[in-house]
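What follows is subunit A paired twice: with subunit B in the first complex and subunit C in the second.
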Partner chain A sequence: MSATTAPMSLDLSGTQRVPMSRLAKVEFRKSLDTRAGFWFTLTILALVAVVMVIYSFAADDTMKDFADYLPIAGGVLGYFVPILIIMLVTSEASQRNGLVTFTLEPQRSRVVIAKFLAGVGLAVCVMIAGFVLAALGTLLGTALGGTGEWSVDGNLVFNGFVLANLIGVFIGFAIAMLIMNTAGAIVGYFAYSLILPIAVGILSALSSGFEKVAPWIEFNTAQMPLFSGDYTPTGEEWAQILVSGTIWLILPLALGIWRLLRIEFK
Partner chain B sequence: MTDVLTQPGALHLGDTPRVPFARLVRVELRKAYDTRAGFWLLVAIVGLLVVIPGIAVIVTLVNNDPIQLDDFVGIASYMASFLLPFLAIMLVTSEWSQRTAMVTFSLEPRRSRVVFAKMAAAVLLTVLNLIAGLGIGVLYTAICEVVQPDQTGWHLDAGNVAGFFVTALLAMLGGFAIATLLLNTPASIVLFVVYRFVLPGVFAALSALSDTLSKVIPWIDFQGAQGDIYEWTLSGAEAWAHLVVSGLLWLVLPLALGVWRLVRAEVK
Partner chain C sequence: MIKVEGLTRKYGAFTAVDDVSFVCQPGRVTGFLGPNGAGKTTTMRVMVGLTPATSGRVTIGGHLYHDIPNPGLHVGVLLDASAQHAGRTGREILTLGAKTMGLPESRVDEMLALVSLDKTESNRRLRNYSLGMKQRLGIAHALLGDPSVLILDEPANGLDPAGIRWMRGLLKSYADRGGTVLLSSHLLHEVEQIADEMILIGRGKIVASGTKDELLAGAEHKTSLVTALDNELLAKTLRDRGVTVTPAGSGLRVDTAPVEVGRVSVEHGIVLTDLRSADGGLEDLFLSLTEDTQRDNLSAAGAPAAATTTTEGAKA
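Let's turn to the complex of A and B:
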């Protein structure tokens, strides 16, 4: 009798910590298996498919090679994937699941790492989807009279597709952690990716002095050599990517992580 | 005593005047600036208004370039017109996301009046944006005038100003339409950006690709059809027809559907 009335004690010291793979799997699921994430992903994939079908009918027959379709898929997906990343981070606050997330895993830095892993995993999936869609597009283009050339420049794949997408993913993380509000972070992302380059364009048109400085201080401008020409930045252009990337990516990312580790979830 | 209205506890509202429209507009305006999201968005807009033309001032003065009042007003209003439609979007969607719709539509059950009040607030904000752009322009031109009087001009083209205003207004209404259709802040923002910035790029790319498409696209590319308004050189029956047809498709139709939805949407 006395055994049942004694206060129950639960010995948790032998319980293993949540493995990182499980945390990453949970975060990956959060990005796709929510109402917003699911519909958003479906919409951007549909958008890519629609653009490719229209392109296949409209484009010149000599421009229906794999190397033509790949940047289309990569461009559309790369532009919208950061929004998926933003929702993955900000939903902790807006949908209030931060309360559960950080109760089950109070070491927030592990959750941050898990989110990064999930984000990179997501980017890899998106890139594979981009490749598959581009391949389907090429098949359709060939069926409609294209030359159907399958060879691609390695620099296009690595610089214009893989590296650009990864940068986008981390930009999404940085903005989301800094603003921690879905609508605000999305506006911030568009301000960064749309308004900023236009402002730089206007100012560069006004003055050639600014035009020379712009790639050093504006990340979008610095990244242009990754998508255009021969997809191979020169040494100076790499330096510009590095310098502007420190301002617009590394610094916000560091501040964002610092904020996420300390923010009050309520 | 048989008169119901004299019984204790009966509330006679028959003589109470309806909420005046001006008050509804004032409330909606206040929702745009006196909420946390609205306030910070306005701060960002003012920041863009001040900073980007400010950089232009510095660059101009350093290089000793010629500059006009026109340039500053143009840059300022153009930068601000990017973020302004988001304010119109939040004016509509926050009723649902912040659940203020409960109160709003209890105090004014004729929802169409609320919708028109919101539209009026959006138009007023566009006017304020233009005035702010003009003010910033005059201020910065004055700075340039003091530093380099021979290189500074005070020319202001009325057509440009009108063009800015009309395109900003159309963008604002486009955002408004999308917001009433979706009633969700992040989704409306994403769709608006696609509508305003991604679609024109897609249309331009497509019309470059094929002759047939390049004949059809002017009729469905609303942003493209607005190009001439911006320059205030819209003329000719065909240009107007492009604007009207694409406008019906991308502005009037979504706005009508959206308002129809807003008036009937369940408030919860």
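Let's turn to the complex of A and C:
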């Protein structure tokens, strides 16, 4: 700033846009720099560890292979990772710091992408930790008399662990973007992941017609082939994942993004 | 530097900001003054792209805020000091800002020192901050990127008298170095002391703008406070002319303009020791201009049309 002849226009030629990598790094930091975010992440991992220990003592000796531990770790993580993502996204509105976030990066779509990348990054970190915990669980199982078989089916690792958790990230992200309120989104997530499958189960039991339709319209049901059997969905099952995924993931996500890009951010 | 052109923002049938236009010059502190709910915050929110305008636009240095890359380096914004995650420490909040803008960590320490938040305070979580501390942190956040434009909504809110004086000095020297400052307030004396230019807004409309002198130039004075060596003689002379005179402290309150009192004093050789207008100050002007947005019991003098001097016309 020069003294007397201050210009009426801003010279922007020397300024670069904030790179996406930096935005994503900041968002990643934001997911862990509050007590809520940090301790929740740690608690999830602690929970995985506790489940591993209990399983090691309780399970049959023939079921203490790495291939047994991994889906358990994946299941626990898959259940809670969406809540991590929900907290990361909705705190902008619930804690109102979005006011600053969207002032420092007025292109809101870039913030959305950065949040998603940070969410995936966080999920990957948690998954690696879950992988390590599953390995430690296997060692403990072996010490307690298990066979300690380390070979695992590639489909189990990818579908039952990686893909399932990535879908969890998507689910959390979609619900958070749609509801944009921490408490509301968590309730929404539990309704989706707990109440909905039960309702579908009851309806399927009552009507065989519904049972055939369910995997096409209910995402939890459609995902089952990813976590069970040979961990390899058939062509039809993939199609069901795609169709129900569009209903439960793509639609709310699109609606949430569409709204965020237009609303007045309070 | 900040140019608001025909800005209107409607919420259904309610018009929060109604065809507002003004300019904030570099090197000057512009005060944005109006009662609660007059549209100050909405105008500022539109400036930084948080609220879409119904019509009209705001440019900062010729650009829409949305188009400014890494805007934190050019425009410092403080809209609501409480709008931060309550669970983050003050230092962490500044660190996130600095990291987003690509600034070194040392900048955070500089800003904390500038706003006098010590090490212990900066490591406390925001929920434990007083309003004044939040305000200081918010100002530090706005200044992080060494911007050339500052947009501050009610920055003096919650600051103690020493803090207000400190902020006044800070913004003055900032403007003296060529920066553009826009700050809003509903407290007249706060703005009066700090702003070079003033924009008065009431019920979404600009009711007056200009420097303090320009604003007061058009005001009519109908009451005077006067003290003479011989108060009784002056009172008698004025009453003979049909002017109402009432004692006020050591002098008199006279229901006529100071110029009339002066004329009487010259004509009758009455020595005055003090003569000034009892009305027509900035406060009266402010209240009269915004009176329809307040309760309807104020009938103070004022001349909105005469007082209006658009800064654009005066400077461009």
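Worth a mention:
The rule we apply is simple: the second predicted complex is superposed on the first by the 253 of 266 C-alpha atoms of A that agree within 3 Å, B and C clash if a C-alpha of one lies under 4 Å from a C-alpha of the other, contacts with A are read in each partner's own complex, and residues count from 1 in each chain.
The rule is short, and it goes like this: a residue touches a chain if its C-beta (ideal position, glycine included) is under 8 Å from a C-beta of that chain, and two chains touch if they have at least 3 such contacts.
Everything numeric here is computed off the predicted structure, so don't read it as measured data.
Of the two partner chains, subunit B is the only one that A:Ile54 touches; subunit C does not reach it. Of the two partner chains placed by superposition, only subunit C is touched by A:Met8; subunit B is not. Within the superposed three-chain model, A:Ala36 lies in touch with subunit B and with subunit C [touch as defined at top].
When both complexes are overlaid on chain A, the residue A:Arg17 reaches subunit C alone and has no touch with subunit B. Shared-chain residue A:Phe102: touches subunit C; no touch with subunit B. After overlaying the two complexes on the shared chain, residue contacts for A:Leu203 are found with subunit B alone; subunit C is out of touch.
By the document's definition of touching, neither partner reaches A:Cys125: not subunit B, not subunit C. Number of subunit A residues touched is higher for C, counting subunit B against subunit C.
Using the contact criterion defined above for the overlaid structures, shared-chain residue A:Ile83 touches subunit B, although it does not reach subunit C.
In the superposition on the C-alpha atoms of chain A, the part of subunit A touched by subunit B in one complex and by subunit C in the other spans residues 36.
Put simply, subunit C touches subunit A in their complex at residues 1, 26-27, 45, 48-52, 60-63, 65-66, 68-74, 77, 79-80, 82-88, 92, 96-97, 99-102, 141, 148-149, 176-180. Subunit A makes touch with subunit B in their complex at residues 36, 40, 51, 54-55, 57-60, 79-80, 83, 87, 181-184, 186-187, 190-191, 194-195, 198-199, 202-203, 206-207, 209-210. Across the interface of their complex, subunit A is touched by residues 37, 40-41, 44, 48, 52, 55-56, 59-60, 62-63, 65, 71, 75, 78-79, 82-83, 86, 90, 185-187, 189-190, 193, 197-198, 202, 206, 209-210, 213 of subunit B. Subunit A contributes residues 1-4, 6-12, 15-18, 22-23, 25-26, 29-30, 33-36, 91, 95-97, 99-100, 102-107, 262, 264-265 to its touches with subunit C in the complex.
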